[in-house]
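Heads up, the next two complexes both have chain A, just with different partners, chain B and then chain C.
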Partner chain A sequence: MGWIRFLGRIGLRFFERLGRGHLFLVQLLAALPSLLPRPGLVIRELYSAGVRSMLIVVVSGLFVGMVLGLQGYNTLSKFGAAESLGVLVALSLVRELGPVVTALLFAGRAGTSLTAEIGLMKATEQLSSMEMMAVDPIRRIMAPRFLAGFIAMPLLAAIFSAVGVLGGYFVGVGLLGVDSGVFWSQMQANVALHADVINGVIKSAVFGLVAAWIAVFEGYDAVPTSEGVSRATTRTVVNTALAVLALDFVLTALMYGVS
Partner chain B sequence: MPHSRTVEIAVGMFVAAGLAALFLLAMKVSNLSSFAAPQGYVLTAEFQNIGGLKVRAPVTVAGVQVGRVIGIGFDNTDYEAVVRMAIDPRYDKFPVDTSAAIYTAGLLGEKYVALVPGGAPTYLKNGDRIKLTQSALILEQVIGQYLFNRADGQK
Partner chain C sequence: MDKKNAKDDRTDLVVQVRGLRFLRGRKVIFEDVDLDIRRGQVTAIMGPSGTGKTTLLRLLGGQLRPDAGTIVVDGEEVPRLSTKQLYRLRQRMGMLFQSGALFTDLDVFENVAFPLREHTDLPESIIRDLVLIKLQAVGLRGAASMMPAELSGGMARRVALARAIALDPMMIMYDEPFTGQDPISKGVIVQLVRLLNDALGMTSIVVSHDVSETAAIADYVYLISEGRVVGQGAPETLRRDASPWVEQFLNALPDGPVPFHYPAPDYLEDLLAGAGGG
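Here is the complex of A and B:
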């Protein structure tokens, strides 16, 4: 009977955490209007979540685009369709790689630091002292970070995709000799504004919400010890990656799949 | 955390870069618009059928690219497609009896316009029309004609 009880305990703990997470999300959303009179808080967090993630996003986007250009050219030229390289690069980036890879990078770059920061605030009892001073830590600490992550993600994903397309252009046109006009004209003929670009932005906004929510929640829910903070940081990366990849499947199926 | 003015400027630049990237994706990658008109002198040609020719497709002479298609329109009086091409000003000595044809690069590839120079002593100028044209090959029409001829021959 021991192992059944063990399974039950794990299951209960899982659903308890899930429920706490969702209640926390409701609290976060309810706290968002209180940010309106104080945009400075959000701007500060946008700096640490967005501006300081720019470098990794731009560099990764460039290299992902360049690799797509090389790999795509090798396969497409076998079928005499190297002219479609622009379409391949742009569609893969705008639809899938831009939102997903940016979300994973964002979890690693900004999510972990959010979790560690909030977890340490909890461990050093800064959150409790705020409550003592009648300052709501959810409004003062969590909500600005959550909103900043939610705003920063779509922008970062757009930068990733745009830089990636340029990387594919440099490799395809500059290195491999695909015609520059065909590269752009095929791309423009086959990439639709609504179906591809807007759907990509919607995806990245959803991923941004999930990534920021998980990062802030893991910090808030961390066991207030050094070990607890380190575990919470790990959980942020793992849970965000799992959630983003699973949600990506669901969103792709809704957007492009069964119609 | 740096000074708040620096932070605000950096965030402003970040948001601007993100919006610029979105704008680029919308305008340059998707089919919303195509700006950056290529320079050069313009020639027009009327085709009965352009197949799948697209704006920005290459214009070649002897296989070498000399310009781009900059516009595709429809002539409402004689029901023909009007293709406008911008030709690199370095190549300004095409005779007036130059002919234009639409070919396909590879089996599945992009359509392009091929110019074949004639022998007339005067040259085409900006805005001139190429009179000798050959339409794109439509595979279905060719197969249809072939089958039709076969059926005729068996009678």
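Here is the complex of A and C:
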């Protein structure tokens, strides 16, 4: 009977946190209008979450694009379809790898930083002191970070995909001899704005919302000790990765069908 | 006449706590606690570590809700206030946290300016003047451009004090303001608490276990132990209190109603139990 109780306890704890997280999301969304007269708060966080994540996103995008170029060329040339390399690289990046890998990188770079920052603010009583100064930390601290993460993610994913395409071009055209005109024209002819690009942007926006929400919530909900903040930071990466991968399947099924 | 006196007494009270009961899980933190904090006075709440003194401040500030009893601050019953009303009340309260709780990404000037920027639409030139006045009051105008990481513990607490009085609150709560301070910093903060209280016409609640420093500036003292008020009065009255608990606490005696030894089995039996195995 002990294991049933154990499972019950884990289940209850899980659903309790899930409920707390969703209530927190409602509070975050309700706090967003208060940011309208204070865009400076969001711009500062955009710099922190977005601009400071650029380097890792650009470098990763370049390498992923180069690998796609190599792998794609080897496979396509077996079927005499090496001229489709541009399409393969672009579709892989815009539909899947751009949003997913950027979200994972975002969780590792900006998400952990957000969680640790908010968790430490909690541990050092900065959030409590803000409350006692009659300033709502959800409006002043959480909401700007959440909104900045939500805005930054699609932009970072777009940069990732663009740099990835360039990486694929360097390898395919520069190293492996694919014709430059064919590479770009095939891409232009076969990548659709709505079905591919817009769907990719929608995916990255959803992943941005989830990644920013998890990062901010984990910080706010962290046990205010050094161990608690460390655990919260780990949970940010793990939960974001799981949520992004699961949502990717759901969104892909909805956008492109399962039949 | 009696009725009028009773009414004057009530308006004279900034904080009135009646029958306070607060639990953490199953542990009773406060049981049937009554407190009166008079306007314009420095009231000390003293007791050993772990008796819930900080919890009491959080209850007064509405960060925690009591399980029973009433907490009235400046005429408003704190646990019944909506979030909006609570935040309006907090604009009239200041709190100095034990750690200072300065915002580490803002410099000293911006830390003190924070409540002014959040709650007023004052022009930048007036905010600057107000911040410098508050920093001058705590002797740290020269440190306005420093970051919190560059400050000593005593300086950080003085900056936090300047921030706490930025909006000229009617009441300020100090959570262990003297803990971990060197004698000079401690002396400075002791002086500041009394000076600011009198100069700004505030009411101060000082939670502390530093007997001599707190007693030196307090008008009235509450002693709390095991969730109850075990002594109260002016410091000199308390010193004459015959209660063994009050005597042990005020004279820092190692043994008494609060025993030196944590409850344990008989010492000799414990030692002999180990000897049998050899």
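The rule is simple: the second predicted complex is superposed on the first by the 257 of 259 C-alpha atoms of A that agree within 3 Å, B and C clash if a C-alpha of one lies under 4 Å from a C-alpha of the other, contacts with A are read in each partner's own complex, and residues count from 1 in each chain.
The criterion applied here is as follows: contacts are C-beta pairs under 8 Å (C-beta built on N, C-alpha and C of every residue); 3 or more make two chains touch, one makes a residue touch a chain.
Nothing here was measured: the structure is a model prediction, and the numbers come from that model.
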item: Contacts of A:Glu125 with chain B and chain C, given as first, second, both or neither; value: second
item: Touching partner for A:Ala158 - first (chain B), second (chain C), both, neither; value: first
item: Touching partner for A:Glu227 - first (chain B), second (chain C), both, neither; value: neither
item: First, second, both or neither for A:Glu16, with chain B first and chain C second; value: neither
item: Touching partner for A:Met133 - first (chain B), second (chain C), both, neither; value: second
item: Footprint overlap on chain A, where chain B in one structure and chain C in the other make contact; value: none
item: Residue ranges of chain A in contact with chain C within the complex; value: 124-126, 128-129, 131-136, 140
item: Contact set on chain C toward chain A in their complex; value: 61, 63, 83, 87-88, 90-91, 93-95, 97-99, 101-104, 114-115, 118-119, 160, 163
item: Contact footprint of chain B on chain A as seen in their complex; value: 40, 43-44, 46-48, 50-51, 54, 79-81, 83, 90, 94, 152, 154-156, 158-159, 161-163, 165, 179, 181-182, 184-193, 196-197, 200-201
item: Sites on chain B touched by chain A in the complex; value: 1, 4, 7-8, 10-11, 13-15, 17-22, 24-26, 28-32, 34, 54-58, 65, 68, 105-110
